[in-house]
Amino acid sequence: MKKLLLLVLAALTAGSMYAGGASEAAVAQAETLQFALSGNPNTLDPHATEGTLTFQVLKSVYDTLVEPDQDGRIVAALAESWRVSEDNLRWTFRLRDGVVFHNGDALTSADVAASFERLLEPAFGSPHAKELAALHEIRTPDRHTVEFVLDQPYSPLLSALATGWSAILPQRLIDAQHDFAARPVGTGPFRFEQWVRDNRITLTRNEDYWMPQAPQLSRVNFNIITEVAIQVQGLLTGDLDIIDMVGPTDIARIEQDPRTKLDVGLSSLVMVLAINTRREPLSELRIRQAINHAVDKQAILDVAYAGGEVIGTFMDYGDPYYVDFADRYPHHPDRARRLIAEAAPQTRTLDLVLPQNYEPHVRAGEMYQQMLSRVGLDVQIRLVDWSTWLSDVYAAGNFDLTVIGHTGKLDPDSRLSMFETGDNYVGWTHAQAAENIRAARQEADFDQRRELYRDVLELLAVEVPFVFVGTNYRHIAMRENVTGFHMDAKLDTYDLRRVRLR
Amino acid sequence: MKPQTETAARILLWLTVGYIVVLSAAAAAAPLLAPADPLLQNLPARFAPPGSPAYPLGADDFGRDVLSRIIYGARAALLVGLVSVGIALAIGLVIGLTAGLLEGPVDSALMLLMDAVLSFPTVLLAITVVSVFGYGLAQVMAAIGVIFSPLFARIIRAETLTLKHEPYVMSAYALGTPLRRIVAVHLLPNMLPKIVVQCTVAFALAIVIEASLSFLGLGAQPPQPSWGLMLRNARNYLFDAPWLAFYPGLAIGLTVFSFNLLGDLLNELLQIRR
Amino acid sequence: MGELVRVEGLSKVHYAAGLLKRRARVVRAVDDVSLAIRHNTILGLVGESGSGKSTLARAMLYLDPPTAGSVIIDGLDPAALSRSQMRQFRHRAQIVVQDPYAALNPRLSIAASVAEGLRNRGFPRRARERRVAELLEMVGIASRRARDNPQQFSGGQRQRVIIARALAMDPRFLILDEPVSSLDVSIQAQIINLLLDLKQRLALTYLFISHDLNLVAYMSDAIAVMKDGRIVEMGDAAEVIAQPHDPYTQMLFDNAPRLLDVRPGRI
């Protein structure tokens, strides 16, 4: 919170300095942000997709009732406050006054109710409906109050409401069957202007935005550029202000160039070497331990993933629920060899499946192969395309080892619920872990939940159905004059409300 | 041709043959010649530049010896050339001889099929085939073999149609020589020059296609040493470690150039005056 | 001596089917030809190029089987023969073709070419080599040159090799299809003398095809004249030359030097 306050202060000072000098209109004219978007979104309807690209754009067009702040805590947005009933079944949100949609409609509780009804309408088929399965009813006691009534306690609710797909749309346009997929209309800091497919999406400033001193920019151009080299080139020539694709070897160049800078932060990924515990000899704990001892995690992070923090369990390094088990199985090839000798497996040949289109994972796979061969395991690499990986590996479990990164979610339940049963791709479950996951879902208290999840994470760290390698750094590069940029690591979205071009 | 240019051409051709002999020898004796295990990673030696004591042509992003990978890569390249041309020739012989000997509707149908295969852009077709049947060198070789078969089928058919009306073929028929032997003794040896030239051209093309597919990640699979795959890895380090792209690129270029020149040389050597 | 060769009503029709045209065009290359050749005699067959002489020759030997009619050579009817019996037929009838430059496989030594028929007859290697040497000597080629390729021989020498190749089958009947027309005149005489000599020594019967009337008149016991696929005149050589009945034959003989100088084009 302190950081946020400082930023607001800084913005205020900057604003007043400008007010004294050149005309504000002229300054605003100049402030168009050129942003490189790494692909063409499949739709601009927030309720209809899971595509990250969509939310990277819509974060600036829509608001949610609550949102994560820069430290990952959930704070007020369109709701100015909220409270939870004793039994954890009734969540009441008080809406902010004076919020106006881009079409001029004032925000009321009816818009909130209509938005979630749209999302939950079975015929609409939103991929997010399942995350609100516990929701029994939405009530609107008055114009500024919304009540979510649940069937059973569901702690991840707040995180769900803070995620981009819980965007609030104007009721009047929902009723009028407005084409939100092509022309989004929200309460966000920027109005949608134009989408030239595979080329660019342009936004203009919402003069009536509810947050004070925001937005600062007059326009935002999302330039759709799918090639790393072109993004980097655009940044170096000054055609682009912010890019989100940076190759490992571009890092030094961008750092050295005085006109550009790098925003390095932790991603929310858990990079793993997944171990299929259904298969022989991997069902044997000593073999999984040996594999963990065989891997030099820091080397994998440095060479394959351009750096990161080593972890020891299934939670990303920056998460509030993260627990440090990184030292549980240190890099120790001799110990790995001993464990394998003790276990004396029938076969030492393992099938390592790699998702062909993700080069970092392929590179990591080459390194795992080498590291495991040094302790006497014969690893055969098999590359598959992404759809095959999803169907054959992730869904059908047809692999011994595979390399992947698990994306982060605002609530740990989304990450860990896969271990509630053994019906996950590594085939691992544990009675205690399953019980804790269920309990934590209904527990409201953060510390209580943290304890419950700690035990789950420790069980994972001990039984190692994965090699938990680490959380990699993500790099955003920008021109030297860009300030106030924030990226939410969990949601993979960009907050442009306080961005200025000095 | 002036004597001077003729001498120069001759020197060039023998250099070519020399290169191919050296390359083949290197591929055959790779375990003896390569200074290191081409798969051995040595992270402290990442990006060692050419001329480093243990790495004459430098080390790659995993600290693997580039020279050793180039030498083992020659195996992959020559293997792809041999096997895919072999497959193409085998299919081409069966189809070309059948069409040329039988003529009529069988001929028309087979040639229509061959033209259909030929009408697709080669690399695109190879990508499609490999995407359907899976990535890997074996699939690439099979795909190239099938895709190149019309090149051979058409030449062999045309030669069969011409040669079978040669008086010596008719005489052999009159002497009661069985068809099998007419094909083996009278037809094939006399179409050999054209087939051999086509082989060398196809060989060079096959190497290029293998490199392209491996570059796209569809051919040789990591960590197998293949020139195309080396180029694929190298493209991330063009500024910082240009040698990673230079040597495999040079190897591909020289090899393709040499096999094309060899084709010309053999064409002249195998011509027989009447 | 009786007949060795009898041809009755032989026709060879080509159907030139077009890709777009439904109805096939019919070309009658040989049309209802009948002829007979007595043992150890020579029938001369004359006619312009394109008159169907070579087609008739190939049809008679079933190299390109006729579409109608029958052929009997030395008592064998190839139309009624099985595949293995056909070998017997190949023994009895052979052909020597016009172009000695194209009639030998350039990649085989002349020994291998001459041995081809022997191999087909199942001669073991040693016997084959001995017989090849004999055959080469018989046609006037030194057997030490047996391993040379045809490129190392002149046209006349090649024609001798080709004759030797045909003789390897021990045939009783030889079709000589313009055997000397692409050779120099001096060489022509040598080959003609060789052929006449062999006829006597081996008791051969020839169908001698040529457009050279003088040559035909010199060699033949009987003469047949062919035009547009038909035999327009046939008879004893002396009679045909002295009193041709057919107007075409008359014209042919009247204009002999001019007309007969036209050499058939090589394919």
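Should a chain be cited, it is by its letter among A, B and C, assigned in written order, with residues numbered from 1 in that chain.
Everything below uses one rule, namely that contacts are C-beta pairs under 8 Å (C-beta built on N, C-alpha and C of every residue); 3 or more make two chains touch, one makes a residue touch a chain.
These numbers were taken from a predicted model, which means no experiment stands behind them.
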Chain occupying the most central position, where position means C-alpha average: B
Result of counting contacting C-beta pairs for B-C and A-B, higher pair: B-C
Rounded Å distance between chain A and chain C, as computed from the means of their C-alpha atoms: 90
Whole-Å gap between the CA centroids of chain B and chain C: 47
Residue numbers on chain A that touch chain B, as the complex places them: 247-249, 252-253, 299, 303, 356-357, 362-363, 365-367, 369-370, 381-385
Residue numbers on chain B that touch chain C, as the complex places them: 165-168, 170-178, 185-186, 189-190, 272-274
Chain B-facing residues of chain C, complex: 58, 61, 63, 86-87, 90, 94-95, 97-99, 101-108, 113, 116-117, 119-121, 151, 162, 165-166, 168-169, 267
Contact set on chain B toward chain A in their complex: 39-41, 43, 46, 61-62, 131, 135, 217, 221-223, 236-237, 239-240
